[in-house]
Every structure is written in structure tokens, then in C-alpha cells.
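The same subunit A turns up in both complexes below, where it pairs with subunit B and then with subunit C.
On to the complex of A and B.
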């Protein structure tokens, strides 16, 4: 018997509703039991690492966003909301935020449409269905750095997949000036970045939606088939409404992913041409990690980016709040 | 007939989709076996030049290198001999190529004929307007020196001559390096781009750095996360739910919110630009997802197992390590796969926390390679480096795709 407490004590559950645990002395008493000590010791490494390297910087970021702090000197100076005020009079920041919103809308529309279509079409358990399932997640395990560089190469004016072929045929792409290159055309560069994002992300959402479709009760589908409902009709009346909760997950995920866009923009265009593809995070990086680092301002951008993501998520939850399949009252 | 039509349209659509997914990756792999010149000539052609390169270098560029090699290391004394060297240099003119990358034009000096392609990035010529090749420039300097000598200013001519010696040596070194590069590539044949990406661009070093960081992270992360997840699922106490929610919250907020303070904190601790520091950060950032999934797995295991093992005299710790942890193995496998893929591809944190070249992880090395490869115009090596980065992941993915689906779904539905 190594522990003086004995087996009975080890099996005893921590007394609940005692109220003692809210006090520090209660914590000590709990830690003194073998059970409490075990829980405490086993939880600590994770909590320390997580607290020290995630939660602490997180708290710091909200603090830092109200300070003037540059890389030039160690001096931190409290400036209140000045960083935010400066940000909201900064035209570039508005442009980058607008680009984020544009990417959001583009991704919502394109991803939801194609993911729904492909998830709906890839339901059969044939070998083809399995192959398709294996293929569509392919891009999602590829590093975003490679995705960005690959698509930059595909859009390349001379060595790319698209422009040389189009030029050979004498065709043009609307919005693209071949003299500037596909990613060099300010009018459409953001869309091409968005397209490479869709290429990367689509498979994930197909997977989620396909799992959602599989979870629709078989009887419902069969009943509809027996009633002679056509494919499109079944899709509109059964699949689409029954997937409302999955769709909510998908939309929330897309919002978070798009607001997190950084690697794609940095490596494909670095915000160019003429800031046409600048997003908030690439702007943050430029402010924070350029030679004259404005750490305070960069953090403020991070905070605003986070709040916008939160707001978008909130709106999504509001829009999808009510279960549309419930009886309408 | 209508049925056939809908069946056909469905499959045509799905095959187009499959093509759009696979083509870019296949195209990249194809081009990684080609020289940049080939890629430029036709991005869809099959690789030929690299395959043909097993033959020794017998091309226009050999002549160029031989010509440079034949130059004397020290400047001759007479102006006439100097002029001869200048003329020789001028005969080795390079053909300029102007390339556009993004918003900027780059003048690139192209050496050689069909095999091998060597390009020199000439940033100093970018704004010059007119093209002057490097050897041309040296030739001009030699002629200047000859003029000075003839004009009788011996002191000035001597100092010019001294500088010219250095110029010639520099020129030779540069070209020797390029020749070595080219013959190195040639010896590798079809895998020349891979050999170059692996050695000269230090992707090989970064590969082992990534391996080191991923492995070390997993070795520490899995026990730490499993211990926490076990306590959170089996040892409920007041506040354990809030701690769980705290971990869950870590999956929601964007990394970039903490990136500046994290960078400053790591710098203060002296752990920035340090692979061990990066590992600690990776462990901390992987904890939320890992704890979340493992808590779910431990939840499924019956409490009676712990109680029974304790009645048999096991301590809490022994019950965890000997009984519960082995039973949670499927969960451990799922999170390990998922975490390793994530770590292998991680870019944002490595970008900010790692600065020196010998500590680059793969994504960061690719990032810096893109900059330099652009200048060198070596698209083939760039493609090869990209294939090196994604190949391990794609192999792992193909072997374990069912498990990865499972892990991704588990991660997705949490929202």
C-alpha cells in the first residue's frame, strides 16, 4: 500500500455541492486526497502549457491593443483606444476589411453551391463513390503554402496553366489584362485568390455535408421516392431543409476560415496589385513585422479581425437559429 | 432516356470535379521533372531536357564556361593584352531575358543553349534601362584600364588593374558555381530538380527540422493531453467543466489574435528563433483539439474499469497508464494523424517565430525559397520542393484516409 489514504479513500468521489471548492482551502483539502492530488497533478502540465503560451498571450493581445508599442524602443505607452481610432480612419484597413467581406460572400456562395451539389451526387457506396471521397479531401491535407505557390504557378503569365493556353487560342478572360497577368489584374485578382481558396477548402465541406445527408433517415428518402418525387424536388423539399444544422456548421466554419486567410494572400500576391487583395491579416503582418514594427496597431487589427469574425458567426447563428423543419406556428 | 441523361450528366460533372482537384497536383509533379526553359516553352509538355541530361555538358554554355575559365587570373601588363581579354569577354555575351514577376521587371541573364538553362538574376540592372551584361561590364572596365595605361597615368592604371583582378576572380567563381550547379543537375538526370531543391535550397535541412519538431511535439503532446483529457472526463470536480470549455475556446479564436504578443513573449524568454521554443508553442496550440477529441474517447470507456482495477490495488496513475490509456488507442491514433498533418503544414507561427535559415521548417523554407527561386527563375526546383513537402502527407493520407475522415468530422461537428 503506497498511499496512506487506503483504497476506500481512493474510490471516494469528491463531495459535490459542498461549496468548499470555491475556496482556496477547499482546493487544498481536495488536493490532499489521493484522488484530488492525482487529478491536480495530471491536469497541471496541460494547463500550464496552455495557460502560458495561449491564454497569457491572448490576454496580452487585448492589453497590447491599447498601447503604443513599436519595435524601435522598449517603451510601452498607454494610449487607450487610439490604435482603434487610427485604424478606423485608415483607408487601407477598410479596403482589406472589404476584401475579407467580399471573400466571405464569394466563398459562401461558391462553396455552398458546389459542396451541396457534389455531396448530393456522391452518395452511392460504389467504388466510384469511395474514390471520389478519397479525392475530394486531397487538397485539404496539402499545406496552404503549397496551395498558394501552386496556384501562383498556375496563374503565372508565362509558365502557367491558364494564360499561355488562352493567349495561344487568342481568347481573353473578362476582367483580366494579360499584360499584367492573372494575379496582376486589380479587377479580378481577389476572385482568383478566392478560387484557389475554394479549391483548397471545398472537400472539407463536401465531407461535412455528405455526412449530414447520410444522417437523414432512410425512411424519409424512401417515402419521397415512393411518392414519385423527382431528384431535384427531393433535394429542395427534403435534403436542403433537413440539412439546416449542418449548413450552419459549414457557414460558421467558412466564416472562420475566411477571416483567417493569410498564407494564401501573402504568398500569392502579398496584397497586391495595388492592395486589391489585401486582407486584414496580411495587413496585420505588414504592420507588425515590417522593419518598423507597430506591435500595438497590429494587435488592434487582430482584435478587430476577431470581433468581425465573432460578429459574422453571431449573425450566422441568428439567421439559422430556428429549425425550419419544425412545424410553422 | 431521361434516366440515362441524368446519370450521364452526374458522372460528367463529378469527373470534371475530380479533374479540377487532381490536375493542379499532377501538373506540379510533371513540371518538377522539367527545366524552367521547358516549362516556359510548354507547361504541358513531357519532361525531356532533364532526362536527356545524363550526357556530359556539350553545349553553348560549356563554351561560355570554358571561355571564362581561360581568362588569366591577373591582368597582363600591356594595354594590348588587356584589350584582347576584353574582346574575349565581349564575345561571351549573354542573351538578356526580361521577366515580369508581379509588378516588377527582372532582367535575367541567360547562359547557354538548350541544355542546361542557367539564369543569373541581375537586380542591379533592373533600373538601368539598357542592358549591360556582367561580363560586358568587366570588359568595359578592362578597356578603361587599358585607356588609362595608354594615357600614361600609371598609378591609377595599377589600382584599376588590382580591382580588375578581383573582378575576374569573382566572375570565375560565379560561373564555376553555376557550372557546378548545372553539372550537378545534369548528373542527377530526371531528378535534377529534386537534387537541387534538396541540397542547394536547403529543403533537405528543413525536412529534418520539420520531422524533429513534429516528432518532439507529438512525444510530449500526447501524454500531456491524454492525462488532462482523462482527468476532465473521469474525475469530475467543480470547475472541471469550465476548464474543458477553456480548452474548447482555444479552437475558436484565430491564431493571429495572439501572434504579436506571443512573438514578444517568446523573444523575452529567449525562445524565439529556436526549434525547442517552436515545439513548446506547437504543443500549447495543439492541446485544445487533442484534449477535446481524447476527452470524448475517454468518456466512452466505462467507469467500472477504473474501479475494478483499483480494487485490485492499482493506484490512480497505474490505472491510467496500464488500463485506460491502452484502451484509448484508437483515439490516440486519430489525433496523432490529425495533429501531425497540421504540424507538418503549419506556417503562420513558424513564419513569425523562426528567422534563421538553418532552423526553417518546411513551409517556412518554401516561403523563402519562393522569393529566391523567383529571382533565379528556377521554377522546376520550386515545383520539386513543393512535391517534397506534400509527398509524405499525401502518402499518409492515402494509407489512412478513413481515419482522417473520422478525425476531420470529429473536429468539424464541434461547432
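On to the complex of A and C.
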């Protein structure tokens, strides 16, 4: 079979120091070629779906955030940046954003630590390693709604597994007032919601990190072993630095997942007690859907949430911008 | 068959199918479109009655849809201008936003017509006038009542009889009874901490009315400056503080949902719970055999200025969408289900109270006999519509309630916090204001 591609069918034809414009013209030139047309036709369904269900609603959100719109009728009134002005003077929004940031820090710390620990332990060809490989992804395949219900039942002040057991032993839990319940204690409720999120999400990050550890070349590991590096030293000098790109992906993914926290909060606490667990998206729901119908203002929250997630991702990329292992080469 | 021939034949068939659909065929009769909330009462009543109505009126049929989150499903219908002929969106709908956007048909002209199957009189006389007020704005009737919810407390009568306790009829009696209950290992009260408006309806608002009369509560709802900081609101909040500090509330209630706390009540862990007349329908599946629970009013203050029979009423409105294809049909079907015969059927099948007059002879479920009596005897019927008129104020009151029960704020701070939100609401010209009478 001969390839339909001609000698000019290469995207790489663009000049080496090309800018975005010349890259774009290179892309158009490629689409005009026989192979480009062929690929483009096959990409069309996916592009259309992505455009229609991701890009278009995203653009629509930016548009609606500048309108007074209830989401209950076709009446729209352009208000410019008024929704954003109102939002930036709303203390509840700042409280919910602060809760998001708290969840981000908590999730970074706990997920990275435990995911790395379990990913490392799961590499062993021991029974324990095999057991870990068999079970670590289980929580992640459960629906978030089920996770919320499950943990709510575990935290239940009377029928749950934690509070009654501690109370029976006469023990206390720091930050938890048993009179108010685990999820009813304003000082610690967010941490318990965060813990449920970590339990749900951990498996995915273990999988990513475990794949990263497995991709470290055997010869590197062997060389380290020959040099006498073992245990924590080998982890600190070999595994951790070589997982740089994987860690970057993990941190970016955690940022996005935490900024999108909604179902757990909505189902476990509804943002309470006294807004202690309110996050931006649960506040968005309350402003835009129930009990309020300020859909335009709610969309402004969505836009800010998107921009914050984008900024956090940008910061992560900046922090991880340079592969530390490159300097050694 | 070659590829080209296949394409031509299938295309031809598709065109024929389209033409058959568009062509002049048998003139179709109208179809009644109904969308209802499907909660504790299901939606089979509406399926049956709509089918009967369609048959009796020679319609092509009735399209009835029920959903536990009907308010969400109706949103795109309203935006697209294709709402049903009649709807019961359920408790999560922001009805007033629909009214302000002109999406709900005013009912006044229809209400002046005779009721279903009648030759004379006005349909509006079928409804309790106090309940009709809940759906009015600027002198027009937009929201229509159907079944009726009463808010109050329920007490475990079986437990009370077993322990020899008397139902407290005043706040002072409650204070006397509580320690005896605690001594027996039963918490006097539990509440739905995850949804604080239950505690506002069950504790704060009735005690504001008990302390200062309905005027004190009307001032709060009417956003009168300083109303939320009045001595009556303060006394209500202090009473909650008093109960909290005396250990009247079941431990952990603040972390519980409505069904969690109501389950604890049914298990006998708490003697009383603030909840409405839908309680039995909501918990029927978990109701222990032989347990008898009775409805009661939140115990009023002995020296209060308010009427001790004051009762909180609430409706979950039916609406006729302004853009409905067959508005007249929707109104007529709604007239049909609010006829005495159909309303009686709903009462007897679903075990609820109705907003329709003249149903005293209906066979009420035993657990509704007390609420029905209290409704008849109530000299003051009050509501909490301000939660729906001003949702942000309702939210802040809920958060302040949580904070008060958690001991994060004092009674005075509770009042100050809600007053601050009331002031924001009062000064926000973009929020449409309602009058309270």
C-alpha cells in the first residue's frame, strides 16, 4: 500500500523559530494536504463534540457572567462587570474561596504523601504489594454520590463508625465537639470533608505515580543499587527527582479536582455548619439554582473559579518549569 | 447492493418518512401537558386524574411527567418558551423570579369564573383566603395553593405515655419537663442541623410571634429597620441558647440531615422534633410499628403577647406558565383537581391536608386529625415567605441559626447578623420588595 502523503506533507515544515501565527499557518497548510484532509475528517466528530460541549459552553459562561439572567426565562439584560463587582464585595464568596484554598493545601499534602508512599509500596512483588495493586483504585471507581453517602454514614454522630467508638472509649478527637457531631463541628468539618475527598481521589494518583516509578529505567535503579544507595536515600536522590514530570501532572490534576469540588460538599454538609464547608461551586449552586436564581452572578462565580484554577495551574507550571534532573546532564 | 444505491434508497425512505410526518393527516386533538414534583406523594394521582380528564374532554391524551427535582427540569422549558400547560415545580423552585420575569400567568380572571362543574359562584371561594395570600404580588394572584403543609413539632406519644410525661403546652412547661427526659436518657429535642431553616421555623419564628405577636414577625419579613434586633427576636434566640445550654438537644443533631434526625426521633432517642405535616409521608418506610407520634405547636411563652394558637402554614404552589401552549386547558385541569371530589380523593389517598375549603368531612389519616383541628382553631396563620422573596436573607438566617446552635455566636450577635443582611436587602434596589399584611 502506498501512502497518500506527498513530500510536502509535514507539519514540521514550519520554521524553527516560528511564532504562534506561523504555527497556525503551518497547521492550515497541513490540512490542505491529502494526509491532512484525511486526518481532519477523522478528527471532526471529536472536534465538533469538544467544541459544542466544552468550548461553546465555556464561551457562553463568559458572556452570561456579564448579564442579569435568572436562568428561568429568556430575559437577559447586559450589566457589564456589575456581577463581578457584586461578587468581589461578597464576603461569603471570599469565605468559600478560602475554603477551596484550604482544601487545595490539605489535598496536596495528604495526597502526595500517601499516594507516593502507597505507589512505592505497591512496586514490591510481595503479597502486600500485590494486595495494594489490587485494591488501591477501588474508591476511585465508586460514584462520588456514593462516596458522600458512605462517609456521611461513617461520620454519623449516633450510627456512625467513628464518633460512637471514640465516645465509648472516652476519647476525644481534636477539633470535634461530640455534642455537635463530626460534620457539625465548625472547626473541623472541612477537614473531614477533605479527608473523604482524599480517600476517593487517592487511588488515581497512586496509579499515576506507580506508573511513573515503573518508567524509571532499570539501569538507573541498578546503578544506584551498585553504588550502595538504598531506602530513603535512593528514594530522595533517584525516585523523587525522576518523578518530576509525573508530580507536575499530579499537582495540576489535584488543583483542578479541588477547584471543582461540589458533590461531596453538597451532599455531606450543604456548605454548613455556618458556611464552614462552603466552597465556590456549592456557593455558585446556591446563587444560581436553589434557593436563588441569580444565574448571571452564579456564572460570574464560575468564571472566577475557572480563572483561579487556571492561575493555580499556571503557578504549578512555573514552580515545576525546570526539570531538576536536566541540570545534572 | 452497491454503496450508491443503498444511500439513494435510504435517503428516499427518510424523505418519505419526513413527508408522512408533515403532511396533511388526521387533525390531532390537543394533549394536556402536566409536570409535577414527585416527592412523598408520588405523581400517580396526577397521571390518573389527567388521563380521566383527557378522556372526559376528548383530548388526544395527557402527558404527565413527575420528577423529584422537577424545578431543575423545568428551567430549560421556561428558557426555551416551551413550558407545560400546568406545573407543580416543587419546593426548590424560585417562583418569584418566574413571576418577576412574567413567566407565570396571573390567575385573577380565571378565579372569578365558577369552579369546576359549577354554574355559579367564584372559583376563588374554593380556597382558604389566608393561603391565597401566599401567592399574591402587587394585587395579583400568581401562585395557586393545592395541598397544605403545617409546620410545628411532633412528639413521641407512645414514649410520653410510657414515661407518664405530659405534652408541654408552654415554653415554661417545656423547661420543667426537659430535665426529667434527660434523666431518663432521652433528649427532649432533636433537629435537622444540615437544613437550619427547620430550626428557624420550629424555634425562632414561632417564639418571635409568641413573644411579640404577629406584628413583630411581620416587621421582620417586611424588612422594617431594626426589626431583627427587637426584644422579641432576641428573646427567641435566648430561648434557643437556654435549651442548648441545658442540654435539651440530642448530641450530634447539628450534623444531621432531616431524615437522620427524624430517624433518631423514631428510635426514641429524642422526644420531640420540629417538622411539618409531611413527616409521616416522608418517614413512612422507617416508621416503627406501633409508634404513635402527634403534632403539636411549638410551646409558646406564658407571658407572650402573641396568640398561642398561631400556626405556620406553607404551600407548594401550582402555576400556569404564561408561555404554555394550552393555558386554558391547564387552568381547567387545575380546576378539576381542586374540585371537592378530587381534593377529597387526594386527601384520602395521600394523607395530607388541603388548601381547599369544605373538606371537613374527608377521611383524614389519624396522624392528621390534630393538625387539621389546630388549623381550624388557629386565630393566627403565619408564613415565612420572606425566605423565598429574599433568598440571601433566608440563607443568612440559616447560617446564623447554625452558629447559634454551635455556640459560635450569642443571641445578640445572631440578631445583629440577620439585621445586617436585612439592611443589605432593604438597600438593594435590584431586589423586588414584598409587602406583608
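Here is the rule we use: the second predicted complex is superposed on the first by the 260 of 329 C-alpha atoms of A that agree within 3 Å, B and C clash if a C-alpha of one lies under 4 Å from a C-alpha of the other, contacts with A are read in each partner's own complex, and residues count from 1 in each chain.
Heads up, the rule we're going with is that a residue touches a chain if its C-beta (ideal position, glycine included) is under 8 Å from a C-beta of that chain, and two chains touch if they have at least 3 such contacts.
Just so you know, these numbers come straight off a predicted model, no measurement behind them.
Undergrad: If you stack the two complexes on chain A, which partner ends up touching A:42: first (subunit B), second (subunit C), both, or neither?
TA: first
Undergrad: According to the stated criteria, A:89 is in contact with first (subunit B), second (subunit C), both, or neither; which is it?
TA: A:89 contacts neither subunit B nor subunit C.
Undergrad: Tell me the contact category for A:169 with respect to subunit B and subunit C: first, second, both or neither.
TA: neither
Undergrad: Given the superposition on chain A, which partner contacts more residues in subunit A: subunit B or subunit C?
TA: Result: the larger residue contact count on subunit A belongs to B.
Undergrad: Could you say whether A:70 touches subunit B, subunit C, both of them, or neither, answering first, second, both or neither?
TA: Only subunit C; A:70 stays clear of subunit B.
Undergrad: Once the shared chain is lined up, is A:157 touching subunit B (first), subunit C (second), both, or neither of them?
TA: After superposing on A, A:157 lies in contact with both subunit B and subunit C.
Undergrad: Does the superposition put A:259 against subunit B (first), subunit C (second), both, or neither?
TA: first
Undergrad: Which of the two partners, first being subunit B and second being subunit C, lies in contact with A:272: first, second, both, or neither?
TA: Both partners, subunit B and subunit C.
Undergrad: Across the two complexes, what residues of subunit A are contacted by subunit B and by subunit C?
TA: After superposing on chain A, subunit A residues 156-158, 181, 183-184, 269-270, 272-273, 289 contact both subunit B and subunit C.
Undergrad: Which part of subunit C faces subunit A closely enough to touch in the complex?
TA: 71-72, 75, 78-81, 92, 94, 97-98, 100-103, 193-196, 250-257, 260, 264, 269, 387-388, 391-392, 394-395, 398-400, 402-403, 405-406, 408, 430
Undergrad: Of all residues in subunit B, which touch subunit A in the complex?
TA: Touch list, subunit B to subunit A: 6, 10-11, 13-14, 17-18, 20-25, 27-28, 31, 36, 39-40, 42-44, 99-100, 102-103, 224-225, 227-228, 230-232, 235-239, 243, 246-247, 250, 252-265, 280-281, 283-285, 287-288, 291, 307, 310-311, 313, 315-317, 320, 341, 344-345, 347-348, 352, 362-363, 366-367, 370, 379, 382-383, 386, 389-390, 393-394, 397-398, 401, 404-405, 408-409, 412-413, 415.
Undergrad: Subunit C touches which residues of subunit A in the complex?
TA: 68, 70-75, 152, 155-158, 163, 177-186, 189, 269-270, 272-275, 286, 289-293
Undergrad: Going by the contact rule set out above, which residues of subunit A touch subunit B in the complex?
TA: Listed in rising order, the residues of subunit A that touch subunit B are 2-3, 7, 10-11, 14, 16, 21-22, 30, 34-36, 38-39, 42-43, 45-47, 49-50, 52-58, 60-61, 64, 114, 117-118, 121-122, 128, 132-146, 149-151, 153-154, 156-161, 164, 181, 183-184, 199, 203-204, 207-208, 211, 231, 249, 252-253, 256, 259-260, 262-263, 267, 269-270, 272-273, 281, 284, 288-289, 295, 298-299, 302-303, 305-306, 309.
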